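Each of the two complexes below includes chain A, the first together with chain B, the second together with chain C.
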Partner chain A sequence: MESTAPSTAEASFVITKARTRVFGLSWDEVIQFFFAGNAAVAVVVLALITIFLFREGADFFRLNSSQNLAVYREAGLEYVDIVRDQEKDHAALNRYLADVRLQALKYYRKQGLTYPEAAAKLAAFDDYAGRYSDAIEPIRSKISDWSDFVTAIKTKFGVRADQLAEREQLLAAGKTAEAAKVKIDVVDARKELQPVLDDRASYQEAAQQAAQQLTALARQLPEAPTPELQKRLQRFAELTRQYVATFPATEKKLETWDATKPIPFYVSVTSFLFGREWLTASFWQDWYGILPLLVGSLMVSAVALVLAVPLGVGAAVYVNQIARPFEQRWIKPVIEFISAFPSVVLGFFGIAVLGEALRKLSQVPWLSGLPGFPIAERLNALTAGCLLGLIAIPTIFTLAEDALNNVPRSFREASYALGASRLQTIVKITIPASLSGIISAVLLGFGRVIGETMVVLLCAGNRIAIPDFSAGLGAFVQPVHTMTGIIAQEMGEVVRGSIHYRALFMVGIVLFFLSLLINYAAQKIVRRYRISGG
Partner chain B sequence: MVTTTPVMPASESLDPSAPPRPAANQRLFDSIPMRATPVTPARTVIDIQNLDFFYGAKQALFDVNLALEEKRVTAFIGPSGCGKSTLLRCLNRMNDLIDGTRIARGSIEIRGIDIHRRDVDPIELRKRVGMVFQKSNPFPKSIYENIVYGLRLQGVRDKTRLDEVVERSLKGAALWDEVKDRLHESGLGLSGGQQQRLCIARAIAVEPEVILMDEPCSALDPIATAKIEELIHDLKRDYTIVIVTHSMQQAARVSDKTAFFYMGKLVEYNDTRTIFMHPANAQTEAYVSGRFG
Partner chain C sequence: MADREINPFATQATWFPRFEKGVFWIFRLATYAVLLSGFAVFGTIVVKGAGTVFTTRAPFLNVAFLTQAPETLYVFEYDGAKHELGAKDYRAFRETEEAKAKAAGKPAPKFESVESIVYSSGGIFPAIVGTILLVVGSMAIALVLGVASAIYLSEYAKNGPVVRFIRLAIINLAGVPSIVFGLFGYGMFVIFLGWNVSLLAGWFTLAFMVLPVVITASEEALRAVPRGFRDASLALGSTKWQTIRKAVLPYALPGVLTSSILGVARVAGETAPIMFTAAYVVRDRLPWQVSQVSDFFFQGVMALPYHIYVVSSKIPQNVYTERVQYGAAFVFLMLVAAIATGSILLRNRLRGRYQW
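Our next item is the complex of A and B:
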């Protein structure tokens, strides 16, 4: 050190300094790595969750087509369903008839008849309805015979699947000897199903019988009290004739049906994405169709947004543009406080108070004109949607208020200087200038709502069926089930690794993509807004 | 506008007893091409009397008396925080939009009507007294929509009338030739100077009597500034113009009359030539010769 000592002039210019080092890193670097590490953990966890979601869900389509749907065909359930569909169409006609009867009954009651008198007048009608319903009894008995047969075959497939699973488990545990001992049943579905297929002749006979009866009944319609109802009965006869005309097609289907035809893979995908039924642990056949859940989620969200958008945006406009500072100081925290409610508490409130209150309200006579009123079910899409709206309000309010805040003051001043009133300035300048921010606020509110679980699980009524949209807006007071709700409800009970388990993960993936899409759209829109805000 | 402490420390240059130095002013003034025609007294449009103005508890204007003349350009000059912008914003009651502002004493009369009278609608007032701001602020709309905004507010729907007004206003603001082919493109796509002229066009579209300009060129480059100054000179034929400026050269170039403010008080008001060459007040003299401010 002494030997390399610089000249005195250089020695006075000291710019080096000894630094504390931790694992060979300076403090700056340690802090830098700490923050980088935090960011990395967040990214890695997100990636792991996504990978896990996909890994668990991925096998669903393969299993669904190779097991669930394959057994449906091989065991002959599909064959029987052809005839069952035929029976369902008949049931629909029965309902049509029942509706006409209801209208007739109402008419008689309005005429001032007592209930027994009206019923007596309808005796002939009821007799007709009874005969109409019994007309396809021969087909029904065929369905019942065949159903017993094919469910027995399906059970055998189930036993075999269990045996295979058991052997798999033993092999995985390394117990080769015991695994070899497990007996695997051989199911010769074709042979077992043969009696059902051979029975087609007797079905044809039954169908012919039913067709004759129905044709005859279509000709001898009962009396209806009003011309309008008479017209509906005419229509009914026409529908019956059309129904009978489909019989040959059904027979043709049965004839050409082939148990050995393989199920294409895409059917597994389409039956999930476009399937109208979500039916699990059924004695007949399991269906994993996401449509009823998706529709339920969207309906509940729609109700929530219809409530939350005007309230949230309106409140944001008021607080940001009109309110006095005193009001601002109060309103903002109060609205933001709503998000402090745990959603389970809101759900509880929905069950205990709101559902009942809405039903009471719907029974007020002068409101009975509204679609769906009076409400039959206490818990429905409307109840859940109202509460979700409450949850979405703080999100929409806060973000919309931010967007309004970002509108440069100079825009407003320019507008006032040109002789605009406050309202004109808000409507023509402030809101248009912040519109993309407001839209993205609404989208993020939507994202918040569609991912919400507890409230819908408690308040949506949890009926897994697409609501009857023939009721128009009345569909919104029917109970629904949602994507989030079904995962929360069923995930605890399913066998890990089963088709059902994987189907729930697929629902999760759909939900994930939906949220991703909403968030992406919101970000895109906000970015555009920043540019236009200049 | 927040503090009452002097913008500059008290120094001998502000001492009224200090001898004036007309030579310095002369040099400044000679370097500027004077456009102001010799000023003959004109009719008073705006009459400000004994005006005291407060932001909350803080007084911003002290006993201001000022009579602004018709079809003249009047410049308000003075150091930052002297109250010139505040006074400007009083003239079309833009200060109403700021919480806690109030006029404690005095009156502003425009064409003989006290603008703070109870039955005066500030919205109607602002249609007659237009304003151009420091930072150009076209709406995020098309050029066309920017200009017809004020007319649409008044309920004008007639397309030919709107087209006429757009053309006349843009020509009036010397912008027509530059934008006539892209009237329906966004006003935000224009350059800074063009945007400011668009704002002027927007202000004259509603045909006000008075145009208030709050440092209209402070964000512009010299060429754009020259264009705006040219425009102000032309607009003088039809409008009474009040301009707040930090640039003494600008005040000298564009204005007929100049008012010098200091710490909320009107120090001196006279013909621009007089203010710059023979100021009566030592503070004025110190300011215009560039010794403080």
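Our next item is the complex of A and C:
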């Protein structure tokens, strides 16, 4: 029909309109494509974030295993660390002994002895502790000798890496002749390390000596004032015997240790994901383990959520269900206003006011029973967590309030009609009906908190170590470092393209996927458990 | 007993009403605890910061703090009195005193226990300017992209897998931590595109970060325009685009703009994304002092949130630094608060304006 019509229908009635065509599309279609293109920006940005994070960060695993960890092994640092671990175990036993001494001292003080008197009573104990500590001296001196030796080899590797980098730069700049002139040192690590390996016999001797002394010391325990402490000393002797029993294993490790064994790729991955140390620019060995940062982030978030969930959800329930309309009208905007507080201002508030205030509070005598009180450090996980709580509350409040608002009126009315009171209706009907929304609100609050940077950078204390969980809840008043904080702090100082730089991008990748995961979970929960209003 | 005989349905006196009241009080206390902690933070900054920004004498405003660049503060003892002077004044003071002493034939004067503290004198003018530039530029980009995106989603798109995917991306983008945006901006704009630390890099980083907020707000505003408007326009023979331009956008625009102001507050308040993309710790020249127009876009700027970070973490906390720390925090908080309050008030007013 369309094909036959035009030739005959030149009548005055036909509406003729010039159609602009761009690439065969009508003008309206062009406009539609323009808008569709803009809508795709969100997808594109998400893709770009992924691409560029990986572009900068993905090389980390390769570089870490082929340079950082490879040098660690080839230069023999790993070899020395085997012995160093042995020494560290001994140090732990020393701390055990020191703790017993502290208990004994406390006991004597309680008995009414003066300080010098108590110290005099403990003289024999101190002598024993001194001998115990010195027992491992031969091993210690071996460690220090070897350390100097292997760090020298490591320096040679460093020089070589610099030379390679220089040549690479010259080549990239097109200066082939000059690049050829750059002298690249050859590091024969095997030969260089041989003296240390040959020294194993003398280590064995030292270890034997130490083992003998320790076994002897385990037999002649000092006196302890109470039976309980005596028991602890018995336990100490047992621990010492166990420790000495590990000596052959260490020797075996040294014997089978092989500098030429290649480092498998997965070690680089596991040392990042499960590494307990984040140590950079160290003279000994750099470690990029995300665990201390992850633990720090989670601890700070835990504090924040413990505060924000009851307060945020409580406020939402109050405003939505209990408050009078007048209260509703002003409380909601005020909480929305709190959400507009810039995080850097909150961080400054933490440094200037809250940190000190919390420490003062912790010194109040009748609060000293709380775990971790009095607080030693002004800036710690608790300070940062409190402020992050304030950041999370508006998020949780707004979303939870929405969820409560979406509960159909008929639910509540049915409940009232059955004779339930307001509280019963809230607890048994309204909250369960909106639970999925509330949980997703909490999850999104968690996402907001774990991605927050400035507050933790300023207030968390920035000590890169897994807190000492033996202090129980007291671990929460220790300073921590976080994933977001470490990126913000170290990104400005690293050399572009170095392993450290790429490690920071890896932390960013972890953070990125963590946030996606949290978001996804929040949506899933809302969809899955949504209650229909019908 | 007597009551029941008269009215058998009367409520019995039990513990429950009192218990219920108690529980309600717990909820009330939780709410007021939140409000109180908000006020505590706000109040502290306002009370301590107002001392820097306002003065007791006319013009009641510390003009120098708002219009000067940061300077190093010198604290020293001279002639038995304690002086606090900015770097320029200190040098001038020293020269005149030395000249005076020379003229009088006395030995050179002694400046004792000189202590210098960076950034603690002068003002925060460059930081304010930088923040305004960053906000204006990034919001312009975000509004263009965001409104266009919202128009597609609310006017053109039919619910299908593609649109669902786009929505999923928007929701997920909203949850990405700001520091990750900073890393992304650094990797893409600063390094890959070679823009270095610049306004342009900061604009795009911030614009992408705030995009989900703008899209969601705009879509809500567009959807609030009644269907009948569109149907009437289409029935009169106008095209889709004409309908959108003449019958939808004019009515949605106020809503789009006011809701997007919340996005402005977020952009202005963020520090992490601009740390590696746009912000300098200190910069002598102001943004418009450039030799070429193109240089304007490729220069880094000072920004208020970053300046607050620098003065609160890189210099000690004492009486001399308090002035600039609280002052900067106060100005910044006021700026963001004004934006946020403005948007909330405007929205409440607009809600009642169009009655459909």
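Criterion: the second predicted complex is superposed on the first by the 490 of 534 C-alpha atoms of A that agree within 3 Å, B and C clash if a C-alpha of one lies under 4 Å from a C-alpha of the other, contacts with A are read in each partner's own complex, and residues count from 1 in each chain.
Operating definition for what follows: a residue touches a chain if its C-beta (ideal position, glycine included) is under 8 Å from a C-beta of that chain, and two chains touch if they have at least 3 such contacts.
Not measured: the values here are computed from a predicted model.
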Fit or clash between chain C and chain B when superposed on chain A: fit
Report for A:421: first if it touches chain B alone, second if chain C alone, otherwise both or neither. both
Scan A:41 for contacts with chain B and chain C and give back first, second, both or neither. second
Please work out whether A:492 is in contact with chain B alone, chain C alone, both, or neither, and reply first, second, both or neither. second
Applying the touch criterion given at the start, work out whether A:102 contacts chain B, chain C, both or neither, answering first, second, both or neither. neither
Name the contact category of A:453: first (chain B only), second (chain C only), both, or neither. second
So in the superposed three-chain picture, is A:180 touching just chain B, just chain C, both, or none of them (first/second/both/neither)? neither
Using the superposition described at the top, determine whether chain B or chain C touches more residues of chain A. C
For A:410, using the defined touch cut-off, is the partner it touches chain B, chain C, both, or neither? Pick first, second, both or neither. first
Is A:56 in contact with chain B, with chain C, with both, or with neither (first, second, both, neither)? second
A:376 contacts which: chain B (first), chain C (second), both, neither? neither
Enter the shortest inter-chain Cα distance between chain B and chain C once the structures share a common frame, rounded to whole Å. 5
Once the complexes are superposed, what residues of chain A are shared between the chain B interface and the chain C interface? 421
In their shared complex, chain B is touched by residues of chain A numbered 324-325, 408, 410-421, 424, 428-429, 432-433, 532-534
Give the list of chain A residues in touch with chain C in this complex. 27-28, 31-32, 34-36, 38-43, 45-46, 48-49, 52-53, 55-56, 310-312, 314-315, 317-319, 322-323, 331, 333-338, 340-349, 351-353, 390, 393, 397, 421-423, 444, 447, 450-454, 457-458, 484, 487-488, 491-492, 496, 504-505, 508, 511-512, 515-516, 518-520, 523
So in the complex, which bits of chain C are touching chain A? 16-17, 19-20, 23-24, 26-28, 30-31, 33-35, 37-38, 41-42, 44-45, 144-145, 148-149, 151-153, 155-157, 165-166, 168-184, 186-188, 191-192, 208, 211-212, 215, 239-241, 262, 265-266, 268-272, 275-276, 305-306, 308-309, 312-313, 317, 322, 325-326, 329, 332-333, 336-337, 339-341, 344
Of all residues in chain B, those that touch chain A in their complex: 92, 94, 97, 99, 123-124, 126-127, 130-131, 133, 135, 137-141, 149-150, 152-154, 188, 199, 202-203, 206
